[in-house]
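Across the two complexes that follow, chain A remains constant while its partner is chain B and subsequently chain C.
Up next is the complex of A and B:
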C-alpha cells in the first residue's frame, strides 16, 4: 500500500497548496486560535482567581471601585474577550462534531452570536464601571 | 470479527483503488480507558466553564447596573446552592486548565507516547482534585469567617 502512495497526483492548484488551504477553504487558523487563546487565558485566569480572593464578600461600592481602576478594567476586558473567543472557537468544534444535517449551520450561528453577545455584555459592564468611577470623582 | 456496517464504509482512493474507510471508535465494544474519559471530560468541563463565565459576566453586569442588582447577585452567591454551582464551575475550570496544559504539551511534541499518556492521566486527576479542593475550601472558609455582607474595603 505504501508504494502506491507516491503515485497519487494531488488535485489542488499550486496557489492552494502554497496557502496551505484544503478542501474546507481554510487552513490551520482555527487550531491556532484555540491554542493561542488557551495560553493567553492561563495568566489572565490566575489574575482573576487572585482578585476573587481579594473581593469575596465585598460591598457594591468596593466592587465598583475595583472594576473602575484602569489596570483592573484592562485585565478584565482582556480576560472577557479572550474567554469568550476561546469558548466560541471551542464550542464550534463540539457543534461540528455532534450536530449534523440541517441543524448544523443554525447551531453554529447561535453559538457564535451567544458567545459574542455575552462577551460584549461583559465588556460594556466594565466600561460602565470605569465611567461611574470617573463621574463619582468629579 | 465482522461488522455489518463495514459494507457502508467502502470508498475509493484517488488512484481508483477500493479501500475500507476508517470507522469511529465503538463505545460499546472498546474497553474503558481513563484516557477516553479524560478526553471527553475536557470537552464537558469546557462547556461548564463557558456557563460559569456567563454567570461571571452577569455578576459583573449586576455590579455595573447598581446596588439593587448587586444585592440580588450576592443573594445567589451567598446561597448554599449558589456556592455549590460556584464550586462546580471552579472545579471545571481547574480540570479544563490542566487538560489544556496537557494539550499544549502534546502539541509541542512532549509526553505524547501511549505509555506517557496513560501514566500522566492519574496525575492530571490528582492535580485537578487537589487544586480544586484547595481553592474551594479556601474560598468557603475565608468567606464564612468574614460573614459576607459586613465586609467592606479589603480589596483596594
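Up next is the complex of A and C:
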C-alpha cells in the first residue's frame, strides 16, 4: 500500500492504547527521593546561609580553614550531594513533562550527566579545601 | 517538544453575532466556541446576546434557549440538567464545570463557553472522551474478589469500611478534573488523569475487593500515577466538590507503605 496517501495512522483500540506497554514497575522511589531530598535540603541550606553570614568579610585563609574542618566539610558535601541529586530528579520530571518524542531520552541523559558532573565538581572543591587546610597547617 | 502555539487549522476566528430581541432589558452576551467537522473552516466564537429575564438561572438554561430559540445548529451534550449525569461538562468562564450547576450570575462580563480542553472535538461543545473512558476501563473499576459471597446475602462492610468510600462514589465521571490537568495535557497518552485515579483509589480502599496489590502494581509507573505533579487543578475544578488530588496522594502513600 502507498503510505504517502493520506490515511488514518493509528487504528489501535482506545483500550489497547490506554493499557499501552503496561505499568513500568517503578516510580515510587523517584517520587520519594524528590520529597526526602527536598526535606533534607531545608536544614542543610539553613545551616549554609547562617555560616555564610558568619563568614561575612572573613579573609581567604579563614574561609579555607573553616571549610577544612571535618564537620563543615561533611555538611558542605552533604549539601552539595543533596542539592544536585534533588536537581537531577526534579529536572527529570520537567523533561518528562515538556520534552516528547526522540529528544526525550538524550535530554534525560544530558540532565543526569550535567547534574552529576557539577555535583562532583562541588565535592572535589570541598576535598581541595580540606587538603589545602591540612597543607597550610604543616 | 511542547507546542506553544495552535496549529494553523485550529486558530479560533470571530464568528457571527446574534443580537438580543428588541426590548430586552437584562442582556448578557454568551461567547460560544463553534466548530464543525463537515466543512474545512477553522473554529470560530459566536456571540449570542440573551435576555436573562426569559430563561432559567444556570448557564445550561441559556445554552438550551440558544438551541431552541436562536440557533438550532449549536451542538452540546446534556441530559439530567441537575448535576448527576455529567454530560454538560464544559469550560465556562475559563473553568471546567457542569453548565447545569453554574449560575449565570456568577460570571462577570461575557460568558465564555468552550468545550473541555485538550480533547479532540466532535462538534462545537462536544469533546471526544473515548480515550478517558478507555483509561477508566483499563483500571478495571469493578469488584474483584476470590472469596465467594455469602449465599444468602450481599458482601458486608462495617460502617467504618463503608465510610472510606465517601468522597469517591459521588464521582459522576464528567472529566472536568482530568481535562483541567496540565499534566494530563502534556502526557495524557500515559498519565491516567485525576478522574481515573480517583476511581482506582475507590477500588483500592474498598474492603470487599481482594485485588488491592494487583491494583497498586498496575499503577506503579512513572507516568500512569506519578505524572501527577500535585498541581491541584483537579480538586479546584470538580463540580461535585470532590478531592481527586487527595486520592492520588493516598495511592502514593500506599505504594510507599508496601515498600518500606
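Some points to look at:
One rule holds for everything that comes next: the second predicted complex is superposed on the first by the 114 of 138 C-alpha atoms of A that agree within 3 Å, B and C clash if a C-alpha of one lies under 4 Å from a C-alpha of the other, contacts with A are read in each partner's own complex, and residues count from 1 in each chain.
Simple rule for what comes next: a residue touches a chain if its C-beta (ideal position, glycine included) is under 8 Å from a C-beta of that chain, and two chains touch if they have at least 3 such contacts.
In this text the structure is predicted, and so the values were computed from the model without any measurement.
Of the two partner chains placed around the shared chain by superposition, chain B is the only one that A:54 touches, whereas chain C remains out of contact. After overlaying the two complexes on the shared chain, residue contacts for A:39 are found with chain B alone; chain C is out of touch. In the superposition on chain A, A:80 makes contact with chain B only, not with chain C.
Looking at the superposed arrangement, the partner reaching more residues of chain A, out of chain B and chain C, is B. Of the two partner chains placed by the overlay, only chain C lies in contact with A:99; chain B stays clear of it. Judged by the touch definition given at the top, the superposed model places A:27 against chain C, while chain B stays out of reach. In the superposed model, A:15 makes contact with chain C only, not with chain B.
Look at A:64: by the touch rule set out above, it reaches chain B but stays clear of chain C. On chain A, the patch touched by chain B and the patch touched by chain C do not overlap at any residue.
Of all the residues in chain A, the ones that touch chain B in their complex are 4, 7-9, 11, 35, 38-39, 42, 45, 49, 51-64, 66-67, 76, 80, 83-84, 87, 90-91, 94, 115, 118-119, 121-122, 124-126, 128-129, 132. Residue ranges of chain C in contact with chain A, taken from their complex: 1-2, 130-131, 133-135, 137-138, 183, 186-187, 189-190, 217-227, 229, 252, 255-256, 259.
If you check the complex, the residues on chain A that touch chain C are 13-15, 17-20, 22-32, 93, 96-101, 103.
Contact residues on chain B toward chain A in their complex (touch as defined above): 13-15, 17, 43, 46-47, 49-50, 53-54, 56-58, 60-61, 63-67, 70-71, 93, 97, 100-101, 103-104, 107, 135, 138-139, 142-143, 146-149, 151-155.
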